[in-house]
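Heads up, the thing below is written out as structure tokens.
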């Protein structure tokens, strides 16, 4: 049976091919898979996992991580935070019926028209150094407003004169702290309402890293109007292996699910024309459109035979 | 087993080919001296129509491509032979001899053999079709403008990226001149009359008529000079095709156009799958394509490749 | 090569055997052996002269003497007692059973020829082309279509009708036989001749007295009047490529039909 019996163009890619593509994307666009604070952007040697990047990335000044604000310390009104990183260090896809990796029991079996997704997630927090803790005065029982003032003074004292001794204390953070205090009386000044600044990261010696294996199952969909259709992945289920207690696992899974669903997969969507090498791009009268689902084309895109398949029709304008 | 498979149906292939066909424009001119006469042509043409048949012997057959002549100027130059009055027998030889004893002197109209140039517009006269049998050919093109120090991104910025190019390499190209309209005889005669009229210049109409009568009929005259058989169309085809090598020129042009000049389609290598976002900045994500192969099957064209 | 047209062929419509122009010639037989001198005259002025030897040793049965170019005639012999090349070009020999053809190849013409001399048998020989004698021939080809009058100095008259060449009738002009016309004492036989253009005419002189044949255009025939062709075209709606009308269709009934195939708005 010919590939194009029921369509004009047909494209298919197997698991090995798509995993190579994933690796190319990870190397050429690492910021899609690596997140962390500005400090870690500037000091990638502190990341949990070394990022393998294509020479073009650094040569052209592309970011290797997507910068996020420090993780705020609760109760500091967002003024203090921790450096952190979050990395997807390995990713591989397995198409139905599945042959690349084993799914955890919770996701087995891999259903028809589904793909499985395995990523290794590594993360780490830049916890405050012992020296930083030593400089902090014991907590005093003060009214809330006074406590906050004292805490800020306290931490400022801890920062004071020691910024170069602590990892994670950048010049911007010092400058920010100075705006909140006068050097003469160290009196706390109530701020005028203004855009909230990111938390000031607490210095750290090294990140405390962990890695998790995350498995997911999903399917592909073609979205968008004709002429602007794109192939995007949709997440159906996700499971993290070996994490306790269950509530923590569920919470992390929820978080990662949102991250993958809302951030990573949309950015990996590929235009329909690209999938078929833009073969008919030179023809202005032709528009490509996904072949409608029918008895002859029951799934489009289809995941079968360890391949992702797409059926496309030509529409003459 | 290749990582990537792209198949193009016969209909889609036709669209691909139509684009290729529509971009083909042909122009040529030549002239040649055949002793008794000279002939020349100046043409410009494009292709229309055609049927596509993909075949499972890894060939594609393109038939009935009409050659549309945007310009088809055909010129013939020849000398009108000596044209004389008299020469008839005045006194035959007496018996028992035969033949002529005395002939009337021949008085010639022209002082020498005059030149006549006929220019015919054959653009709507000659109907011809072209048929091609071709095989797929893949070429990897390194742009000659690409410098050795350039990365693939640099090459893309300089618009000199490497490319995979897919050609259809003609195995046979046939031109079938299946119809030269009968009107060509009238055209030729009208052009000849116009040329002779021009040559005779100031002479009054009756004198021109007399000379034309003396010439024994323009068509007959031209037939004699140009050695034209009964079928002028056949003669014209033969003159253009064989003597002037005109159709050979077209065949070579068409073959070269499809085989070398214009790919059926092409794409960059590495192939961009995610676009650049300059504001961040982010490079495009590009995929190295390896082991590209192309084959024609009964109803589709199949392209296979590996991801490098 | 660009050629000059011998336009005298077309401008000299009227012909006169006593003033030879293009497309006319005179044939004479010098039967008596001897050496003669000839003068080429135009408007009573001697233009040039030539020598003619009539001898049995000559194999020339026809000598063409181009009066417009005496001295370069093709049949001039190289065997003569001439002092220089110019004289050699004016020296002709002919067999007594042969004929001398006087003609004009180019130029306005209007020549006459006078040949005199004493034959070997002492008889005086004189030939004057303005007074043709029995046995002489006047050869003519007419290019101008029209009605011509034919007259002789002896009073004979006749008519010539040269037909306008018909398109498509060219083949008839090939291999046309010349027409022979007898010039008798008081008439031409036949008295009226219908001819095609350039068809040869041989006037055979059969008069005792000198003859001078004149052919004059009386009424020109400039051919059929050419009227612009009335072209009617009809095209079946939606079939623009159909170039010719259907035989069964009466185009006159089409209310939108106009000359030239254009439809009125």
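Order of writing sets the chain letters: A, B and C. Residues in each chain are counted from 1.
One rule holds for everything that comes next: a contact is a pair of C-beta atoms (placed from the backbone, for glycine too) under 8 Å apart; a residue touches a chain by one contact, two chains touch by 3 or more.
Everything quoted here is computed from the prediction, not taken from an experiment.
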Q: Starting at subunit A, find the fewest moves between touching chains needed to arrive at subunit C.
A: 2
Q: Quick one: point me to the chain whose Cα centre is farthest from that of subunit C.
A: A
Q) Whose C-alpha centre lies nearest the centre of all protein C-alpha atoms? A) B
Q) Taking each chain's centre as its mean C-alpha position, how far apart are subunit A and subunit C in Å? A) 110
Q. For subunit B and subunit C, what's the span in angstrom between their mean Cα positions?
A. 50
Q. What is the distance in Å between the mean C-alpha positions of subunit A and subunit B?
A. 61
**Q.** Residue ranges of subunit C touching subunit B (in the complex, touch as defined)
**A.** 1-7, 9-10, 22-23, 25, 27, 61-62, 64, 66, 98-99, 101, 103-106, 137, 139, 141, 143-145, 164-165, 168-171, 173-174, 176-178, 196-198, 200, 202, 220-223
(Q) Show me the residue ranges of subunit B that touch subunit A in the complex, using the header's touch definition. (A) 1-12, 15-16, 18-19, 151-153, 265, 267, 271-274, 280-283, 285-288, 297-300, 302-303, 306-308
Q.
Show me the residue ranges of subunit B that touch subunit C in the complex, using the header's touch definition.
A. 79-80, 85-86, 88-91, 101-105, 107-115, 199-207, 209-210, 212-217, 220
Q: Within their complex, state which residues of subunit A touch subunit B.
A: 2-5, 7-14, 16-18, 20-21, 24-25, 28-29, 31, 55-57, 59-63, 268, 270, 274, 276-283, 286, 314
